[in-house]
Amino acid sequence: EDAFGERPAKMESPFMPMFEGFKSELDEHHDRRERIIKASRDITATSKKIIFGLQRVRNMKQPIPGAITKSNQPLWDLISKAYSSISTDLQGLNTYRYSKQITGGTQEFMEALSFQHYLEAQSLVSLQEASRSTADLGGPNNPILLSEADYLLGVFDMTGELMRFAITVMATSGEVPSAKLEVEGEQSHRNVLTDLRDVRDFLKAVDVPHYSSLNKDMNKKMEVLETCVVKVENALYGLTVRGAERPKGWLPDEKMVGRDEVVGH
Amino acid sequence: EDAFGERPAKMESPFMPMFEGFKSELDEHHDRRERIIKASRDITATSKKIIFGLQRVRNMKQPIPGAITKSNQPLWDLISKAYSSISTDLQGLNTYRYSKQITGGTQEFMEALSFQHYLEAQSLVSLQEASRSTADLGGPNNPILLSEADYLLGVFDMTGELMRFAITVMATSGEVPSAKLEVEGEQSHRNVLTDLRDVRDFLKAVDVPHYSSLNKDMNKKMEVLETCVVKVENALYGLTVRGAERPKGWLPDEKMVGRDEVVGH
Amino acid sequence: MASNTVMVDSSIFEDIQQKIDDDTAFNDELRETVQQLNKQVRSAQAALSQVHAIPRDQLAAHITKTQPLIHAEITTISQLATKASQQPYYKWNHVWTRSVQDACFTILFAHYAASSALLTIEDLGARLSIPVNLKDRDAFHLTIEEYLLALISLIEELARLARNAVTIGDYSRPLEIARFVNNIHAGFQILNLKNDILRRRSDGIKYRLKEVEDVVYDLSLRGLVPKEETKDEEMKT
Amino acid sequence: MASNTVMVDSSIFEDIQQKIDDDTAFNDELRETVQQLNKQVRSAQAALSQVHAIPRDQLAAHITKTQPLIHAEITTISQLATKASQQPYYKWNHVWTRSVQDACFTILFAHYAASSALLTIEDLGARLSIPVNLKDRDAFHLTIEEYLLALISLIEELARLARNAVTIGDYSRPLEIARFVNNIHAGFQILNLKNDILRRRSDGIKYRLKEVEDVVYDLSLRGLVPKEETKDEEMKT
Amino acid sequence: MASNTVMVDSSIFEDIQQKIDDDTAFNDELRETVQQLNKQVRSAQAALSQVHAIPRDQLAAHITKTQPLIHAEITTISQLATKASQQPYYKWNHVWTRSVQDACFTILFAHYAASSALLTIEDLGARLSIPVNLKDRDAFHLTIEEYLLALISLIEELARLARNAVTIGDYSRPLEIARFVNNIHAGFQILNLKNDILRRRSDGIKYRLKEVEDVVYDLSLRGLVPKEETKDEEMKT
Amino acid sequence: MASNTVMVDSSIFEDIQQKIDDDTAFNDELRETVQQLNKQVRSAQAALSQVHAIPRDQLAAHITKTQPLIHAEITTISQLATKASQQPYYKWNHVWTRSVQDACFTILFAHYAASSALLTIEDLGARLSIPVNLKDRDAFHLTIEEYLLALISLIEELARLARNAVTIGDYSRPLEIARFVNNIHAGFQILNLKNDILRRRSDGIKYRLKEVEDVVYDLSLRGLVPKEETKDEEMKT
Amino acid sequence: MASNTVMVDSSIFEDIQQKIDDDTAFNDELRETVQQLNKQVRSAQAALSQVHAIPRDQLAAHITKTQPLIHAEITTISQLATKASQQPYYKWNHVWTRSVQDACFTILFAHYAASSALLTIEDLGARLSIPVNLKDRDAFHLTIEEYLLALISLIEELARLARNAVTIGDYSRPLEIARFVNNIHAGFQILNLKNDILRRRSDGIKYRLKEVEDVVYDLSLRGLVPKEETKDEEMKT
Amino acid sequence: MASNTVMVDSSIFEDIQQKIDDDTAFNDELRETVQQLNKQVRSAQAALSQVHAIPRDQLAAHITKTQPLIHAEITTISQLATKASQQPYYKWNHVWTRSVQDACFTILFAHYAASSALLTIEDLGARLSIPVNLKDRDAFHLTIEEYLLALISLIEELARLARNAVTIGDYSRPLEIARFVNNIHAGFQILNLKNDILRRRSDGIKYRLKEVEDVVYDLSLRGLVPKEETKDEEMKT
């Protein structure tokens, strides 16, 4: 009588060694998959925190205020740590194998990265630049892939943050956000709305096969982006209509309390 | 000019200290929530592995074969470790606060626990006994709660494993699984099918408010359970119909290869 | 089922049924109390909606008249707290949280209407005689989320009040409100929110802020901003 | 868009569009090859479905006749491998995996029909001239999942074959099949599967096992189990 | 298995077929009448949409011209009532309720446009010659829910009218409307509604109120509130 | 905007509140009764599920023991009928229809288990002491649809019983059931149903018939059809 | 906003109304005819369901008796063809396609039951007096898809018939059916179908084939295969 | 079961394969053309989105520059028409209808932007060189539904344009748009639509009208309505 009960005459299946091999491979695969899912959750949550921090910025095309840089730095470090912890799991053959598991985190990271880039430079970060950032996050020799899809979908989400930024600045300052430092003649016609429309037109022109999942995702996000543009247009319309009543030469009272900026720190 | 750009005349919002407090509370809450979600995923995956191991058992109401016990023990330990790592997060006020986050893992654990209990004792583990097990998993002073809902939904899922067990045993041995060791007169009428029907009838009698989410969950799982019962009934019907052709006194050839049990280890 | 060693010890399910029945009964009791609270909240809201139409100098009197309605709410919340404390807080919190938020809003609004000041979460807890942001023990209390959601309702109501104040000729109210909403907005901006109800509702604050700022702009364009405001401000800060 | 410092450097999107267009073209090429493979698989399956009706002693000849159909599959898989190796494996694997599984099934079934033996994943890879279970480099290969899914298809076909063998008077085939399915079933039982396609399909093996065992039972009940089987068995093991 | 013993009385299946056919025929008749009503409602709405563009002093004449359209609706509702009374009211009520609400809206709006007054549910029932809020017997009638849903449609139309009135230079209409919407809002505010269509639609009233208040704000800010309004107001208070 | 001119008669809101409260109370009462009925139905179903495991000769005794459970259902349905008759039938019918169907199923199944005969809708109405298929007045009754849906549930249960009867050695039950299901199927086959729940569920009868035919096939093939059945059969044909 | 310049020609809306009304009327006419066809199909199916219970030698007589039912279907399809030919075929095809398939099934089954042979699509078109697989002009016809879907229904019915034939002691029918289903299966196996209803339903043929093979297995195992069948078989091979 | 008797003519399966392959090839060609059209539509939309940002006096020049993009669309639609005319219109219409609607929208919008006038369906058909609202023969054409859906898209775009025009200082555009949307709304209001996509989308026109009226309100309130507009208006009224 053996460990399996009272029945006599057991035979070992001749295929057991083969299945033992399969078992260890599959277990390894599933464990790796779980690790990546968890890291992706961490990266998503941390990127969201960074974006919240950046929403306290009030000016464009200027260095991010020191206080915000300082409070965001540990978060960027956390993301780097999360990516490093799984970067060996995402190399070679496995780069695309687990792309469904990591894509959520990478898109959210891309959203944070491109939002900060826009605030600093008033321009859209390129796929090359962004790829360099994600590659670095994996640590030496283990670059993290930023696919075109991750890049595009991250940029889509970033436009939502641009809208929030624009409305907040208009609410607090009564002006549409635009870079103040440039020479008037060159720069005056570029503001968040024209930039948003620019990004929208470029994104709209991207031609993706109708059967791809990227196409479905982009169509959904394009609707959101159009809504964002309309929200900023409506806010700007409101400023214009009210501004039209302004007598010639009227200037806002410097002491006018409401328009003062109230800050967190 | 301060860190926030060129605008002069900033005021600090008088409510900032209050919101600083809220911020740290909310961050703590979200971090705890994430920790629990991750632990729940680990517990779910590990419980599933235990169940796979137990599906290699071929006899009822006997100790689990040593090989299976041995390969499952590290898994039980992993579960214990996962629960311990978050048990302080699930005490006092927080016991129910994160119940949605931990319930998936706890239900799957309950499924594994009650399946093993059935195989060993041919009976349903009670809420009290199972609660004692989960309580222990949290480590000293940090018991893990097993709610009635977790218990019931875990038992529902366990019946699916009972069905798999029953069909597999019928396929390999040509007999419906039942305990062989008892005195014939006492025991012969209890087998997996009668036990499954018993559990079904008890579960069906549980009276839950129609508006509760538990009611919705139970209704869904009751349909699956009814299907499981029918699957075992059909398999048993097949055995009976074929058996009806058996000449009087016919005994299966001991050498008959197909009916031999083939084992993994 | 006849057997001396049974599959299911029937006491298992009797115990569970008992627990479920107890829970159902407890839930019914809670809901009854919550229904009563909802009714009182609606009455208080109806009374407070007059704030939009009553001149500032008659407001204190009006608010005083609404106090009994608010006290009724507080009494019911006390009863709720007593009942709810018999069981784990977060097991039942979903039953009353919306109603408690609405009640908190009425108290915050009544207080702001009369004094242009915000009750802190501690002030509010003191009014309701319940603990706030409890962490060390499992009892009925007011959570941070509930306070913040009530605060967002207040912001929404004040955006409406800013315009209606102009309608009845009160030009200082909008400036007060603008300062207040600005300050609250700055506070919310430092919070890291999840994709939950609090995030969704707080997303609207910037639009309320914009509405209020627009009123201030409209007034300042027409030179209607009261002079003494600036002095007032300094005194208050 | 007219500005000397532009929001979007238009080369960003030109690059991306180029990549997407390349991918689309690559996808189209792959699909064309896969379509051809599908057609060849259907022809092979149709030819192999005769296995159910052909007596054992004429089977080797029949299988030999189907070899060209199987070679056609293998040739197409080679072409697929060449094409697919230009890009990361898992980026495109979903395009061909189902078809490759079906092709593998036809090879496994043809081999089993003629020799009552299982091709291992290594044997199968050798037949197809592609690596298997590749881990150290990113190239076209046969994955464990694909092999296992083809193996499950084989089990399903064998459950049908066990009965049809009896119909044409071959009473030893069912016993062979029963041993085989039993052995495979034991193997699958040690795998920890996720809730994926492999889990769902492997759940059916126990029913196939039961069907095959029932045939053996039917035969043994009627004393139709060939005597020499027992000896055979010993020799084979 | 053929058997001529009638274990099941086949007449039961004939009965059910008869019943299904009767119901289908009745349903078809009702829908035809409802189609006609819908057409008349659309004509009435088109005529009434002119109210937004016609100065106050020419409005009574315009409303008079729309009366035949409204009478057509009333005639069709009478026919509907006759037909519907042949069967239990609540079995078929869903077929016509939406159309009857729309018809009620046109009558309420025409009346308000001309007289700035609200028809009560009794007034409306009298106009339609059908009973209202019937409780004691099962006959065709106008339910309270239908009346209230039509009233909410009226509120929505008036929020639009308030702005369009300003566009054509009528500055007193918005103040009238603001008072009216305020009253209706107060009424709904104290209702404890179930979670149904009435609840969902009544939730929108507060946004309509805000829209109308915004118009009054715009007028107040610019000193465009008619003088007599203020007096009126005082007299009424 | 405060005004005491009553533009809107506030009594309308009091009336609607009264009506809503009445409906809520009525609904609560109905649901309580229905909840009780559901519980009794589940008890009866649990007791009747033993029919699948009890030999034919002990069945009459078992059914007799279940009668109190069925009487409990009938009592509750009487209470329901009394309550429901206070209001229009079709306004509330959705609250109980599913539970009444389930109760009817238990009565049909208990009767069939003991006597292999079907209760007609009239028999069933008599048992429940409620009218059936009422057309001329609006009162609580059993609709034809409810009867047919319960009948379909019976068919589903009998398909299972046919197999379980074989398991416990009863070879005549399946033939009886096959004749019965065949008859019911023929009845449904000529119905021209609307695209509703009855249509969807009746579509399944043909699969149940196939299941039962499969059992008869298994018995016929093995010569297990009881002798007297064959004679019976011949006499009946 | 009233304007006498016609920016929008109102005739555009009159045209669209006319077109919508025409379509609605045409649709109604078609549906009425289709309803009638459905009723006739159900009668034919009910009569043909006797095939499962009638011994082979009495079958020709029974089929002859069902011919009037089938002629009724054909007459209605002619009427349908006349009506439908007034408009583009594919604009309305969805209205009748299911019913025409069902009618085709009854004709195929009646023919098979009597003669064990399959009507080709041309035979079927001739019976119905409508063209088949029309490509060169837009008129009412029978599509290949409709024929194949009816054929799949036939396969499903025959799988059932194979078992019921055994029940009434006809052991040669299953072998005939097995050969027939095998042939049809082989035909479908080489089709490269799109992912549509035809693909989904044809996927089921292999399960029907397995069912029929199981019956042949059961007969073979028990030596119940008729002798002449074996000879037949040899001659045919 | 192998048999060489041809019970089933295998040519039937060759025919169906041919037909499926033809359809697949035709579908592929159509989709390729439609994909190209979609790309051109997106380019045209991007160019036309500048209309929201370009002052009125520079607009004609801008629209002229977009003409090549629109001609590209027209060319592709011609190719589509040629291809599509080889097969029944309604069999494939679903492949291109959405893209054709979008193309029509760009043409309608470009024309309105430059001339503030609406192209009729005949104008549009002439531009595209395809027949419109074809009834008497089955060929490629523009349906009334497609035209109306494109028109609704235009209305949606114009509601946005009304606001953006104000932003760039054009105060007369909103009034023009208001008149236009009002006219279209009146037209749709009298249509008795089926419950389809056209019905759902046309339900939104009233909200667009409200948006445009709000802009006119904002301008009127602030005395920003251009003088000549007022005169125009008076003359037209």
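Going in written order, the chains are labelled A, B, C, D, E, F, G and H, and every chain counts its residues from 1.
Everything that follows uses one rule, which is that a contact is a pair of C-beta atoms (placed from the backbone, for glycine too) under 8 Å apart; a residue touches a chain by one contact, two chains touch by 3 or more.
Remember, predicted model here, so these are calculated numbers, not experimental data.
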Subject >> Chain groups still in contact once subunit H is set aside, others held in place >> reply: one piece
Subject >> Farthest chain (mean CA position) relative to subunit E >> reply: D
Subject >> subunit A and subunit G, separation of their C-alpha mean positions in angstrom >> reply: 55
Original post:
For subunit C and subunit D, what's the span in angstrom between their mean Cα positions?
Top reply: 63
Original post:
Among the residues of subunit D, which are close enough to touch at least two other chains?
Top reply: 52, 164, 167, 182-183, 186-187, 190-194, 218
**OP:** Quick one: which residues in subunit A touch 2 or more of the other chains?
**Re:** 11, 13, 16, 19, 30, 194, 201, 205, 207, 245, 260, 262-264
**OP:** State the interface residues of subunit F toward subunit E in the complex, per the touch definition above.
**Re:** 1-10, 12-13, 15-17, 19-21, 23-24, 88-91, 117-118, 120-121, 133, 138, 144-145, 147-148, 175, 178-180, 182-184, 187-188, 190-194, 213, 216, 233, 236-237
**OP:** Under the touch definition given earlier, write down the residues of subunit C that touch subunit A in their complex.
**Re:** 174-175, 178-179, 182-183, 185-187, 189-194, 203, 206-207, 209-210, 212-214, 216-218, 220-221, 225, 229-230, 233
Subject >> Touching residues on subunit A, where the partner in the complex is subunit B >> reply: 2-7, 9-13, 16, 19, 30, 34, 37-38, 41-42, 45, 58-59, 62, 65-67, 180, 254, 260-265
Subject >> Complex contact set, residues of subunit B against subunit C >> reply: 11, 13-16, 18-20, 22-23, 25-27, 30, 92-97, 99, 122-124, 126-128, 148, 151-152, 182, 186-187, 189-190, 194-195, 198-199, 202, 205-209
Original post:
Taking the complex as given, what residues does subunit B use to touch subunit F?
Top reply: 194, 197, 200-201, 204-205, 207, 210, 230, 233-234, 236-237, 240-241, 244-245
